[in-house]
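Note that the chains are named A, B, C and D in the order they appear, and that numbering of residues resets to 1 at the start of each chain.
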Amino acid sequence: MAIILGDNRYGKAENRIVRIFRDQPRHEIRDLNVSTALRGDFAAAHLVGDQANVLPTDTQKQTAYAFAKQKSLETIEAYGLELARHFVEDVAPVTGARVEIEEYAWERVLVDGVEDDHTWVRRGQEVRIASITIEGSGDDRRTWVTGGLKDLVILKSTGSEFHGFLVDPYTVLEPTTDRIMATSLVARWRFAHADVDWDPVYAGIRKLLVERYATVQSLALQQTLYEMGRAVLEAYDEVAEVRLSAPNKHHFRYDLAPFGIENQGEVFHVDDRPYGLIQATVLRDDAADAGPAWDAYTGLV
Amino acid sequence: MAIILGDNRYGKAENRIVRIFRDQPRHEIRDLNVSTALRGDFAAAHLVGDQANVLPTDTQKQTAYAFAKQKSLETIEAYGLELARHFVEDVAPVTGARVEIEEYAWERVLVDGVEDDHTWVRRGQEVRIASITIEGSGDDRRTWVTGGLKDLVILKSTGSEFHGFLVDPYTVLEPTTDRIMATSLVARWRFAHADVDWDPVYAGIRKLLVERYATVQSLALQQTLYEMGRAVLEAYDEVAEVRLSAPNKHHFRYDLAPFGIENQGEVFHVDDRPYGLIQATVLRDDAADAGPAWDAYTGLV
Amino acid sequence: MAIILGDNRYGKAENRIVRIFRDQPRHEIRDLNVSTALRGDFAAAHLVGDQANVLPTDTQKQTAYAFAKQKSLETIEAYGLELARHFVEDVAPVTGARVEIEEYAWERVLVDGVEDDHTWVRRGQEVRIASITIEGSGDDRRTWVTGGLKDLVILKSTGSEFHGFLVDPYTVLEPTTDRIMATSLVARWRFAHADVDWDPVYAGIRKLLVERYATVQSLALQQTLYEMGRAVLEAYDEVAEVRLSAPNKHHFRYDLAPFGIENQGEVFHVDDRPYGLIQATVLRDDAADAGPAWDAYTGLV
Amino acid sequence: MAIILGDNRYGKAENRIVRIFRDQPRHEIRDLNVSTALRGDFAAAHLVGDQANVLPTDTQKQTAYAFAKQKSLETIEAYGLELARHFVEDVAPVTGARVEIEEYAWERVLVDGVEDDHTWVRRGQEVRIASITIEGSGDDRRTWVTGGLKDLVILKSTGSEFHGFLVDPYTVLEPTTDRIMATSLVARWRFAHADVDWDPVYAGIRKLLVERYATVQSLALQQTLYEMGRAVLEAYDEVAEVRLSAPNKHHFRYDLAPFGIENQGEVFHVDDRPYGLIQATVLRDDAADAGPAWDAYTGLV
């Protein structure tokens, strides 16, 4: 029996990069949180502290900032692909790269009803996320891209039921045919390839997810999630798989009976913890193996 | 020399109340975080543990939820006034009440371009805040109301300078005539009275703050804040005083020169800490004394 | 009626300074979060953007780091006094300075039972805090120092009652003679002068607070807080006033009756929100006026 | 091509359970954050909203609280095993269960130098974590247990080097032979079986991790992590694999040269983001396959 080094990687997490495009009077902004990680021949660093193969995490940071100017930053997916390809193609000991990105959205402020050219407020809503994973270089190169969103807080005040569930000796929950259903959605989708029109696809998927949440008469959060994933797959051939993670943000009907007040689903207490947590995957039955696509590096994605 | 009990109060903080109005097919939602605190004759509780004068914090909670149905919840200011008045008028030992409220905004989702009747996504942007302070009951009753907002993250990519500042032996900062100026604004305004059309005034003040931030050619964040406060006071007679607190969320121009890349205000690193923190008050010279209006109870407002 | 500039100040918040003393083989560490704010003649900056009187916040940062080496950093109170004095004495337009500091504690790790010379783990418990406020220079200089702690999470599993309270129509709470009482304590004390042996006084006050929390048979959190404050004032002549803020971190006895399980104060649910929040001041009846001592700049203290 | 339901599970996350043992005058406390998730035959819930096989997340919560009294809660590992076994053995549609637990440590307060029987302060330091995964019931039952810790903030003020690294066109980092090395460690270990003396093993592993961090002259964080993992495997036969994730919490030497002040590793700025992030696995070459042991459900572990 011997003790050995197993899977390992290292990188620079949470580079907070803002890119301003100011070639035109009307500026544009991209606001990112970028993490990079490398896999490769780094055993000597672990076993004997030899750094000869180790590109410093500081260098990964410099590269991320430099590429924000040198390369396209039109979409996080395209930018992440540039970064990941660079590491595996241009840095000899590197055999795999993972780039994870969050993008924060901004909206232009209105001045007398007209959009300002260079002032924005942060749109708080959901954060757009992406991951790019590349393994191998040259002809052996394989690429996985996922897109997604997180922190999309969505609530419906009716159209949600929960009844007919399994009852065991520890079950005290009452069934209901009308409740608030709310979540802070994380949705991620794996692309079948990297030849995608990233921005329209993102906008379209977000629209579908929200619409299905609104319109499905929900018998369980599970059902809603499945319908959301299915709608995405039906509409976008370039998507092979959808993963959804949805905390059930409980809104408990507040008991006002002691005060002689009727409460027909009007006053709720929002509880922080515990929360139900539902996770589901919807995919094509012929989807290629996911490989390392879902293997998260940081808590970012 | 004796040891005495000084100022004291107690209450229930952070009641997370959601109110759904469902009388019409098109539901409405109000999403609040409510804190209440009482002052009064509570010395016996401190000195000898006698609770006879102490209305439990649990009762304050029940009241906050009950009033969400029994009383108007059209605006947080009106609702807070109801709550505060109740405590000082109806609970004998109570001589003063403070209610602090945060309101989270939601926007209706679109389904096929049409607003849904009962599904919303949380608008992440700024949080609307208010505080109501009442002291004395009956003819002696005095009332202070503040409105405000927090977490309004706003950024301008040009139109901000900083130069001509004081230089001492510890000064190494370079002057600049063009920088990003970004903040996460807290703005609070004290009303001269409580006879206010709360929602339109809130919307109008928010609009003014954002517009002034965008349009003032800023020689310093101080100047921008003053102009924002002044604009509010000029437009709204019912506002006596404006207080602004603005962390300078530093966006540092990233040094790309080592890589032969020009960076003309295009690539920035967003730093978390430390941050400049500028605080200013703008008021009418004949404004009544603020009394306890600004005396915060929780970190909510 | 005119619009005027009211109270204002500015500074650099949350400088994260670590100071290593390495003159001896056994290193020492001080880990601080330092915020500085200045008051003075800054009207021109607000009114017309003239920065001639404005010492940049960046300079305040440089000074805070420089003083970590140039001046004593034996205690946060002594270091804060040096910083605050410097700003009011050496920077002409400055008439007042506020320094707020958090200190994070570390403890040496043991290697084979022996304390290591230069490795520590962060002690998570309470954070030591201090504020120094100076107004006026030369003979007019006045100084206020507060010490304190925050995030001291303390719990007693018995010895706490709550009954005999005021009952109104919204009261449903049941009285109890035995409950868990838990809080995340913030305690701050105002010194009567600045000629104090800071470290032993801090240690002694912390010890008293904890002991009184443990030993007082509590009829209400109010009573416990008062006894804690009184104990500090009785023991330390240099303390003029104690302020305590204690969220009641509710531990609700979990209802196991549906499962035929007795629960005699053994299984609890810890709730996040809402929470009771009790605040009390205990002081000497001849304490000098607090002036600006309690006027917080950041959320740090 | 068809759209299908893939991997899915659901449960109740973050049950905040406190257990007081009060059979003796000297009480004991266990403070937990428990999450449970189930896998099984839940396709009907997703596909058609049929809940007949779905044990509500509320029931999982009730069970977690009930077991805190009914079953042993001596260690989180033993308690988690009871919970997971119950779900797979006693709830027919359930084929797999995952339990993730955080435990917060408390230490007794001293009163006049003597440990109090029923008052504690929370030890802030590291959080102990565990996960239990069971698949199959009866003879087919397989069990995986991991232990671990997180949030162990550890720093050494010397004994850390970083030089000899790979240099590419984006490398500007200077090598160093003496720096601060600090991290907030996450360490998790997979047990070879479930017949373990949980508490002593936890204490022993924590001790080894800390000692190795202190004593290894570090040529890279990678090397330190490997040595930490190796020490655990050498000492504990019951551990098959160790995983370590270590953010490099950068302490940058502050440039005091502009002020004529020497800074020989004495004054540092602690930066929040970005941070290096190093992840390594150390294992026995004959370790059984990890199966689902590392497949996290929540952010807890």
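As a working rule, contacts are C-beta pairs under 8 Å (C-beta built on N, C-alpha and C of every residue); 3 or more make two chains touch, one makes a residue touch a chain.
This one's a predicted model, so the numbers in the text were calculated from it and none came from an experiment.
The contact pattern of B-C recurs in A-D, the pair among A-B, C-D or A-D where over half of the contact pairs coincide by residue number.
In this assembly, the C-alpha centroid of chain C lies 31 Å from the C-alpha centroid of chain D. Taking each chain's centre as the mean of its C-alpha atoms, chain B lies 38 Å from chain D. For the pair chain A and chain D, the distance between mean C-alpha positions equals 23 Å. For chain B, the set of residues that touch two or more other chains comprises 15-16, 62, 66, 170, 172, 258-259, 272-273. Under the stated contact rule, the graph of chain-to-chain touches is complete, every pair of chains being in contact.
Those residues of chain C that touch chain A in the complex are listed here as 169-170, 172, 258-259, 272-273. Of all residues in chain B, those touching chain C in their complex are 1-16, 35, 37, 42, 45-59, 61-63, 66, 90-91, 93, 162-166, 168, 170-173, 218-220, 222-223, 225-226, 229-230, 233-234, 241, 247-248, 273-286, 297-299. On the chain B side of its complex with chain A, the touching residues are 15-22, 27, 29, 31, 62, 65-66, 68-70, 106, 109-112, 116, 118-126, 151-159, 180, 207, 210-211, 213-215, 251, 254, 256, 258-259, 261-272.
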